[in-house]
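Structures follow.
The same chain A turns up in both complexes below, where it pairs with chain B and then with chain C.
Showing the complex of A and B:
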């Protein structure tokens, strides 16, 4: 963040530049900087400011009253203590973990299977693969609404379908023991196309010669996958998984649309809790503390991602 | 995408009939997979066309299709659809106007801090939207930007600008700097060579970024939910959420609104597939 904002500012102030300026600041140089300046300012205002603001808010008693009195007393780490000792926190952490791990695992495995399936050449392969992207492109709230209609206990098509086999109607979204599974299921559906598409591009990049050489050595289907496909895919796999984790951690739309975090907090995650505290309870300090915890967790994975994806940043 | 079709073709020649059968089966399996994956989309459309206005015992196919639900959806959510459209288009214009020159600069100019800037962009994509919403709410409250279209356009640009920069920059890296220098030798300034040469050459990348920016902003729910408090400025995503908020009385109208909200995605997917595929992979693995 700082690089975007500081560098142009430094270059703009011509006079206090260090005495041993090797590169003169010609008009051209300033012109070039003007190309990035608007985006840099926007990023600083729309990302840098919120991140800093969120940090300060988490250390303040920032509530609805603040908007009337303008006062938000500093409270140190009290907000963090409050949210962490809240009984819902443990459940939200567990749900966040289950939601993320469950979503990623199945999105990935199914996505990989579909990527390998579509690698085979058959008529309509490309078209079908393209149409498969639809669930990923739909507005999440549209998917939530649709799945709510499908998962309705009494009239939903899923229970009607299961009823044909004599299964009693299941309260997919209203039963505390099942709701999280249902929500994860919907999120898996949404994430499969993205996994398939990225993994397909990785599978595509593996040279056919490898498989030809492998088949001469007697590599069967499974062996070819084990010794050729999987090792070649490793870099793509790590990117897919880490991006998946970072995106899934912050999922909010789907859960709010499907269950609103209920029933009985069964689908409450850190993200929904943060929303709840800030925008339902108007305890912005608490909400900020929760979302900062979310950032820290994301950043752990982000660091792994950035180390893998170094080449992009090093150019 | 299409370069590796030759190898299997060779294998196919050996046993023509078996392979043809195999291909037919593969296509059938592919269609089946797609049918399962897209069933919810079908069901959304089906339910929206049911005459009764309730999916209770909705037919598997709309035997007596009715547009009543759409009439109701448009009368109740029409204004919200227009709001969504304005916000989405505004986000495209604003984000691309800022992101396109920046991607050009980050791709072609020899700044020492390009690496750091890209790092910041990558990290910014990992910040949860709720963090942005939290901070923007209090800032907007002071600035009078709550319940406003510019406020939502700005908020949507938070994710759109970095994404657009990543997509366009990776393309603009491939624009030969020689043609830009040639233009400059001919006396074109930086701005002119950008507008006359880089923009036309990068058309596809700009379209891709624009399409995704549009879809992001059109789909936005979080900022609509947190940064609006009244009914005046209400994107359709929030309209759907309000339908869902109470006991749903009329699934038909909800599904009709859902179909209308899904239309941009469906149209873009069918009409602009190559851009969509490029964006799906381009934004992530860079």
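Showing the complex of A and C:
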């Protein structure tokens, strides 16, 4: 979409070029297409097919039977109506929003703080940065199992630790009012390396000369950050935030591993609901409808990302 | 589409060749009408079960003169694997299914009715046959069964001078008396999966509750028992996040004096000889009641592969897995209960510690006996209600109404 609105405007500036260019390029076109073709086929198979399949599935009564009989009657938008009117849907939407916003906010702020911290050179800085990647490298199933043990109410190490200070045991994963916070906390822990790594590379790319010049003008510490680091970092920041949102919206493993969407649906998100409908209840039409809703939400952010990327390339 | 053609053709005499072609992928060789191998799919992927099952399968394979191609998948992946195989027409010749799933799969038309192929179900416990029956036909045979009962730590109960409870009041009192420090009186699973629903069935059914009417006072009363145990602190609040494996870990670690659990844990419990335990049937609410527990275990079925020759051998194979000798062998080695009721005596002579379970199985009900393929919906309402009540979001009286509204 953005390319359509964009291209003519730019072409207009170059004025008479387009018609001539089109004619001239016709000879090369076959060669170009041949270069693009393998990628196009791969995209169609790996992305196009599942997306189309998911779309058609969401319009069908796709059940256990379908796998055996191959019959999946068309039901129009009934699946969408069903999942949206389900009382859990509102809670799942709210939880998805809270989970995403909470995760992104803290992942980003902590990630940025760490990136700036590691910009300063000090002994073992590289080693520490390497260690910081650990949460990212661990399989999610291991992370969630480990955190589940840590957050366990009676014998978990966190409550034991807090107990030293006289804090009563907290039901991290068993209290409906706390479970979502605990799950977000674990997801923040998992997401920090991603944020730190990208932001650190952004920080590294800022020329030292800027800071030297800035310090002559009296821009140090907070002012240096405000007027040098932040503006220089902005393209990286938008990439980190948008990718972070898209990744976080579809987080599934961590929630399933920690709470399974419980207690009493307190940590149910669109992603866990979609999983539940498809692979526990075997109502694949409902599951597909939910995941399509999720895809549309993600796409809003993806489009913003693509537009940003285009601007950056244009600049 | 292709499947229809194959199945329709299966009835015709000329179809065997066609069917054999389509069945080529599942490891059968029906070209000559001679079946030399059977493919088997099950979820006994961990030892000791894995090798004990293998021994039984091998015995029957030898008896029928076929070789086996056995595939095992983790329990949670079985149905997904079956669905994938169904859509690619590569279902195995012999398929093991968890008994509450048999009717759902039978409903799809994927299974061969065993009773129409001369398999007799005489002598089997009725609950077992109910679980494998759909629309009047038997689709699976279950050699051994398991169920739930109340395990207790004999040392802890003796130290505290507490007798194993036989009624709910005694259960509440015992659990409270056994709760101190790091140790809870009882552990069980109230997790938000079918596992949590399954663990709730002993109190629910024993009290006369029924899955066809979940908003009845009998069901609410049973839920109140769970609520009381948690609210009084006799059970951890974490039970809403515990699987049965977690409940067992708590018991084995000495952090619970009693637990609701099944005999499949016994082999691993025997590896920790420091913990002395015994088992009683799940207590009753009113002394006039009989403990009723859910029937667990797996049935062996024969999928419709279109290859009639292989299907016939597979039916014989399933029958072989259910002979009295094979039932006893698996029951004794795997700490499960033979489903032929007349084997109880022989079995208990070898495994006296299984007495409570054997009694419990005699009165056990199958989960799908009443609702059939609709059971998963009821099971979902049950665990949702448990979660609502145990987290204090609804009273035990209102929880089921609230959960069924969803």
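As a convention for this text, the second predicted complex is superposed on the first by the 267 of 315 C-alpha atoms of A that agree within 3 Å, B and C clash if a C-alpha of one lies under 4 Å from a C-alpha of the other, contacts with A are read in each partner's own complex, and residues count from 1 in each chain.
One rule holds for everything that comes next: a residue touches a chain if its C-beta (ideal position, glycine included) is under 8 Å from a C-beta of that chain, and two chains touch if they have at least 3 such contacts.
Keep in mind it's a predicted model, so treat the numbers as computed, not measured.
Report clash or fit for the pair chain B and chain C bound to chain A in the combined superposed model.
clash
Does the superposition put A:139 against chain B (first), chain C (second), both, or neither?
So A:139 only meets chain B here.
Determine, under the contact definition given at the top, whether A:168 touches first (chain B), second (chain C), both, or neither.
neither
Under the stated touch criterion, which partner chain does A:153 make contact with: chain B (first), chain C (second), both, or neither?
Only chain C is touched by A:153; chain B is not.
Please indicate which partner A:262 is in contact with in the superposed arrangement: first for chain B, second for chain C, both, or neither.
second
In the overlaid three-chain picture, which partner chain does A:53 touch, first (chain B) or second (chain C), both, or neither?
After superposition on chain A, A:53 lies in contact with chain B alone.
Touching A:198 in the superposition: chain B (first), chain C (second), both, neither?
Only chain B is touched by A:198; chain C is not.
Touching A:217 in the superposition: chain B (first), chain C (second), both, neither?
neither
Chain A residues in contact: does chain B have more, or chain C?
Touched residues of chain A are more numerous for B.
Considering only the listed stretches 242-250, 260-268, 314-322 or 386-394 of chain C, which one runs into chain B in the superposition?
242-250
Does any part of chain A touch chain B in one structure and chain C in the other, and if so which residues?
67, 152, 154-155, 279
Touching chain C in the complex: which residues of chain A?
64-65, 67-70, 86-88, 152-155, 171, 173-176, 259-266, 279-282
Which of the residues in chain B come into contact with chain A in the complex?
Touching chain A from chain B are residues 1-2, 4-5, 7-9, 22-23, 26-27, 29-31, 33-34, 37-38, 40-41, 43-44, 47, 54-58, 97-99, 101-102, 104-106, 109, 111-124, 126-139, 141, 154-155, 157-158, 161-162, 165, 173, 189-191, 194, 215, 218-219, 221-222, 225-226, 237, 240-241, 243-244, 248, 251, 254-255, 257-258, 261-262, 265-266, 268-269, 273, 276-277, 280-281, 284-286.
Applying the document's contact rule, which stretches of chain C touch chain A when the two form their complex?
Spelled out, the residues of chain C in touch with chain A are 1, 3-4, 79-80, 83-84, 86-87, 104-105, 107-110, 182, 184, 191-193, 236-238, 240-241, 255, 376, 380, 384, 387-388, 390-391, 393, 405-406.
Please name which positions on chain A make contact with chain B in the complex.
Spelled out, the residues of chain A in touch with chain B are 1-4, 7, 28, 31-33, 35-36, 38-40, 42-43, 46-47, 49-51, 53-54, 57, 62, 66-67, 114, 117-118, 120-126, 128, 130-150, 152, 154-157, 189, 192-194, 197-198, 201, 204, 208, 212, 236, 239-240, 243, 246, 249-250, 252-253, 256-257, 271, 274-275, 278-279, 284, 287-288, 291-292, 294-295, 298-299, 302, 305-306, 309, 312-315.
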